[in-house]
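Consider the two complexes below, in which subunit A is the common component and subunit B and subunit C are the respective partners.
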Partner chain A sequence: MSEEYIEAIRKKFGNLILDETVSNNETYLTIKKDDAVHICDYLYHTLRSALLSMFATDERARDGCFKIHYVFSCKGDAFIIIQIKIEENLPKFTTLTHKIPSANWYEREIQDMFGLVPVGHPDPRRLIHFEDWPAGLYPLRKDFDIRTKPERVKGEYIYRRVEGEGVYEIPVGPVHAGVIEPGHFRFSVAGEPILNLEIRLFYTHKGVEKLFETMSIDKAVFLAERVSGDNSAAHAVAFCQAVEKLAGIDIPPRAKYIRTILLELERIYNHLGDIAGIATDVAYPFGAAHANRSKELMMQLNEKLTGSRLLRGMNAIGGVRRDIGDKKEMISKELDSLQKDFRELMELLVSSPSVADRIETTGRISTEIAKGLHVVGPVGRASGIDSDIRRDHPYAAYPKLEFKVPVSKEGDVNARTNVRADEVYESITLIRQALSRLHEGEIRKDSGKIPDGCALGYTESPRGETFYWVHISNGRIERCKVRDPSFCNWLAIEYAVLDNIVPDFPIINKSLSLSYSGNDM
Partner chain B sequence: MTVEDEMEIMGQRLHEKIKNIFGRSLSIREVDAGSCNGCEVEVNALSNPIYDMERFGIHIVASPRHADMLLVTGPVTRNMELALLKTYNATPDPKLVAAMGSCACNGGIFGETYASGSGVDRFMPVDVYIPGCPPRPQAIIFGLMVAIDKLEQKIRKLEVKA
Partner chain C sequence: MFDILIKTLKTGTVTTKYPKKPDIAPQGFRGMPELIPDKCTFCGECAKSCPPGVICLIENGQEKSLTLSICGCIFCGMCEEVCPVGAIRLTQEYELASKTKDELLTIIRRTA
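What follows is the complex of A and B.
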């Protein structure tokens, strides 16, 4: 539990803690603004807690201030949330990025969306808004009307320049050659090797977090499904779990198992798609066709079970909407043939020297970089970070199921491919276990009126940890912070491509399997 | 009827139409104007061995300059608006625009906000709407057929005028 962490903080910073509240497995510590850096640094470096998310809230109407929340994970399924208050007339806070590199984008996000300035930030450029967004408008402030259409103003975005003899730039995107989401990549190269890559995202920023605040809780589940389309189930479950937790709803066991099956089906089709993408990008179309066929069959299974190829519309506050128990046989038959096909596919991929030549040692992310940036999911695990929300902060039916968490130290495209392949096998066994324990019973509990409060909901999506922090007030969503795993992983690509050649960029990008929409929101 | 049978029937009809109008293939440039990536999953699915749309003469091209049609997904975000218009202008006439998915049709769940533009037809003429969240691969094929009929009408009108 978080007790020993809290004890350690109390011992060292006891007089600095202004307020302490506990709800479920979350401990909220309010401290003075100036002490945040010390305490967060202590949590991160001494107690080895990971910074999972960081976000602001506009509580001017209630408390007359803004708040910034730093969410840390503790061993033994507990979370510590450090809160600081920021006065409206002094909208500044000290940057944490020098101590915890993964705070980088969170702070820039807070600056763009709330107008709170991280003082001393190494890269204070805008992140979400483009240069044509007028100064002084902050969408997540409560006094910003969601329907405002600000005029476009003149401005310029400054890229990092690499200069030298024979160095030139390759700009790519936002409209790409393939069917992928929009983003801009600017390579600085000397010949083939990449000297620097700068990514520019947020082309698909749709104002999702603001939109949550306008929706009823039931409808918001559908929005959560559309934060990152291919991770619909993981997002919906994370959101539902946050609401269920703050309302104290324990969903029926049958619903837990069904959710687990859906989440693992999602992992399987996503991983198959990623492996197909890697095979395509190393010019191994036979392997790609094989993997894409398996993926399609799984998506058809999704449709037969849920009515949606992307597993949408299944989750609701209090459980699931539809029972899949009568289709047990269909699922296990599909899994049998998938397992056989997948084994053949991996044998093909592993035994092909031309594939190995392209993916071994390509796009390496060292454990040090991965830890610093808080790289999550299969990408993190392929770089030696042994973390998995399903095991570390268990939810749904995972506490009752047995599974391994594959980890590799290599950190290259090959390792990421293998970690995903191993996870596919684990997902198959997880679904089989869940099917065998799917006892009769109801699938949804009436949620009743949702009380006021706030809570964290989380899942391990195919891309990694997905977090929702939901604050409900008077039955409405006051604030919903979404943290997609891609928000953590995107910066890793700037490191992964260094000293690789330009033609290997697509493979590296694919192996990181990054969601643009989940990142940009 | 299996998915494969469905595709065979629809695909042959589509192939005929494409052959009559384009000679060989219908070249499509897909533009994600802020989708959640669900639509991209389905467009990509059309290339898998079960649908394999290239055999019916549908070809995804890398540049709008090579395209007969823009297949646009997403509600058109503020940050993608300019890139979408540039892509539209770079596509040679006569061109087709298909709005794919609920968001591209009318903004979908994202609607009209500071960041989201409530659909493609606010920004450019749209020839065909393919609803769905996301549309199934079969629905996309059907939408393409409707679009091609529309192009045939467009060409006929031009001929009458001439």
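What follows is the complex of A and C.
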């Protein structure tokens, strides 16, 4: 547990800890604002805890201040959450980005949404707000009305410039060919090789976190489900688990297994879609057609099981809404044929020289970069980061199931494809195990009245770790912080494309499988 | 090369002649919600439970009306779950494209 970490912090910084509370596997340490950087640096570099999320809350009504929370992961399924208080009349805190590079976007997000300034941040530009958003309006502050329609103002966003003889800029997007989401990519190139890429996202801001605060807990499950369309189950389960944890609801075992099956079904169809996308982008339409066909069969299975191709409407606080246990045979038959089909497809894919030529050594992300940016999910695992929430912080039925976590060191498109393929096989095994152990019994417990409190909920979505931090007060959602894996992984693309040629960008992008909507709520 | 041909021949044609040949959604599909006016008691439970708020109960003097707009429906099935008399249910219907929003609106009325 986190005891040894807390002990180490107490020993070194004992006098700096103002308050300490423990709830479930989360330890909240309140410290003085000026000491945050030291303690976080110590946790990160000495105790090797990863920074999982960082967010602010507006607690002026209760405590007369804002708070910033730094969530760290500890070995042995525990979390340490460092909290600092920030006075309204001095809305500043010292940046952590110099010590922990993955704090970069979190701090800029806090600056835009709460108006708390990270002093000394290496890139203090706006992240979420555009230049036409008026200064001094911070949407996640409690005194900001959700119906506000701000005036547009004039402003300018300054891009990084790469200058030199023969250096050209290629601006791409935010509107793209094909039905994908919006994002702006600005390449600086000398001939074909890419010298620099700057991404600009956040064209899909919907105010989801603010919207959570207006919804009842039951209905919020459906909002969580829609944060990132193809990761519906992972988001819904993460939200439900956060609420169940703070309310102390232990859901029935059968519901745990059903949730696990849903999460793995989601992983399978997502990975099949990603492999199809990679095959398309390397001009191997045969592979793409077959991967897409398999994906379609899996989505039809989803539909037969849950009534929704995207596995929606299944989760609720306290368990699941529909039993799928009577369809065991159908599931195992589908999985048998998928496994055979997928194996044949992967054999053809890896033995094709034209595919190998395009994906080997392409879009490499070194382990060092991946660690620094806290790259998560299959992308992180393909770059040598051996981490998986299902194993490190087990939830649902995962503690009772056996599975391997595929890891590769190469960090190229090939490694990411192979890690995903291996995960498909693992998911098939997991579903088989879950089906064989599905207990008889109820699938949902009455949640009763949800008490006040806060808790973390998390799942390993097909893209990587998904975190929800939910704070309930008087039966209402006071704050719901969503951290989608894409928020961590997007910056990796700026490094992955370096020294690659422009025509390889689509493959690299696809192999990272990034969500625009999940990233920008 | 032969492997690819074999796989292609083995798979055959998987696409169907939709819409010529209808594609019927499976049992339990979460499709268009349907109101059954005879059963409805106008209690308003469905309206309260609807996450996007597309079901409204309006009381106008003696007349009660229940409106359901499929435009914003997320097909979650909460209405079906809470209805005490089974007066609303999700159907297998999914071909819902329409030129006007009015076509996607169902209204039932009852005068006391």
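Note that in this section the second predicted complex is superposed on the first by the 521 of 521 C-alpha atoms of A that agree within 3 Å, B and C clash if a C-alpha of one lies under 4 Å from a C-alpha of the other, contacts with A are read in each partner's own complex, and residues count from 1 in each chain.
The criterion applied here is as follows: contacts are C-beta pairs under 8 Å (C-beta built on N, C-alpha and C of every residue); 3 or more make two chains touch, one makes a residue touch a chain.
Given the structure is predicted, the values throughout are model-derived calculations rather than measurements.
Trainee: Quick check on the superposed pair: does A:307 touch subunit B, subunit C, both, or neither? Answer first, second, both or neither.
Mentor: Only subunit C is touched by A:307; subunit B is not.
Trainee: So, does A:321 touch the first partner subunit B, the second partner subunit C, both, or neither?
Mentor: So A:321 only meets subunit C here.
Trainee: What is the contact status of A:344 with respect to subunit B (first) and subunit C (second): first, second, both, or neither?
Mentor: A:344: touches subunit C, not subunit B.
Trainee: Between subunit B and subunit C, which one contacts more residues of subunit A in the superposed model?
Mentor: Touching more of subunit A: B.
Trainee: For A:293, using the defined touch cut-off, is the partner it touches subunit B, subunit C, both, or neither? Pick first, second, both or neither.
Mentor: A:293: touches subunit B and subunit C.
Trainee: For A:222 in the superposed arrangement: first (subunit B), second (subunit C), both or neither?
Mentor: both
Trainee: Which holds for A:148: it touches subunit B only (first), subunit C only (second), both, or neither?
Mentor: So A:148 only meets subunit B here.
Trainee: If you stack the two complexes on chain A, which partner ends up touching A:203: first (subunit B), second (subunit C), both, or neither?
Mentor: A:203: touches subunit B, not subunit C.
Trainee: Can you pull the subunit A residues that subunit B and subunit C both touch?
Mentor: 222-223, 226, 293, 303, 312
Trainee: List the residues on subunit C that touch subunit A in their complex, please.
Mentor: Going through subunit C, the ones touching subunit A are 3-4, 7-8, 11, 14, 25-26, 28-30, 49, 51, 74-77, 81, 90.
Trainee: Tell me, which parts of subunit A touch subunit B in their complex?
Mentor: Counting only subunit A, the residues touching subunit B are 130, 139, 144, 146-150, 174-175, 177-182, 202-208, 210-211, 222-223, 226-230, 232, 273, 289, 292-293, 295-297, 299-300, 303, 309-310, 312, 515-518, 520.
Trainee: Which positions of subunit B touch subunit A when the two form their complex?
Mentor: Within the complex, subunit B contacts subunit A at residues 3, 29-45, 47-51, 60, 62-64, 74-75, 77-80, 83, 86-87, 108-116, 133-134, 136.
Trainee: So in the complex, which bits of subunit A are touching subunit C?
Mentor: Of all residues in subunit A, those touching subunit C are 215, 218-219, 222-223, 226, 286, 290, 293, 303-304, 306-308, 312-313, 321-322, 344-345, 347-348, 351.
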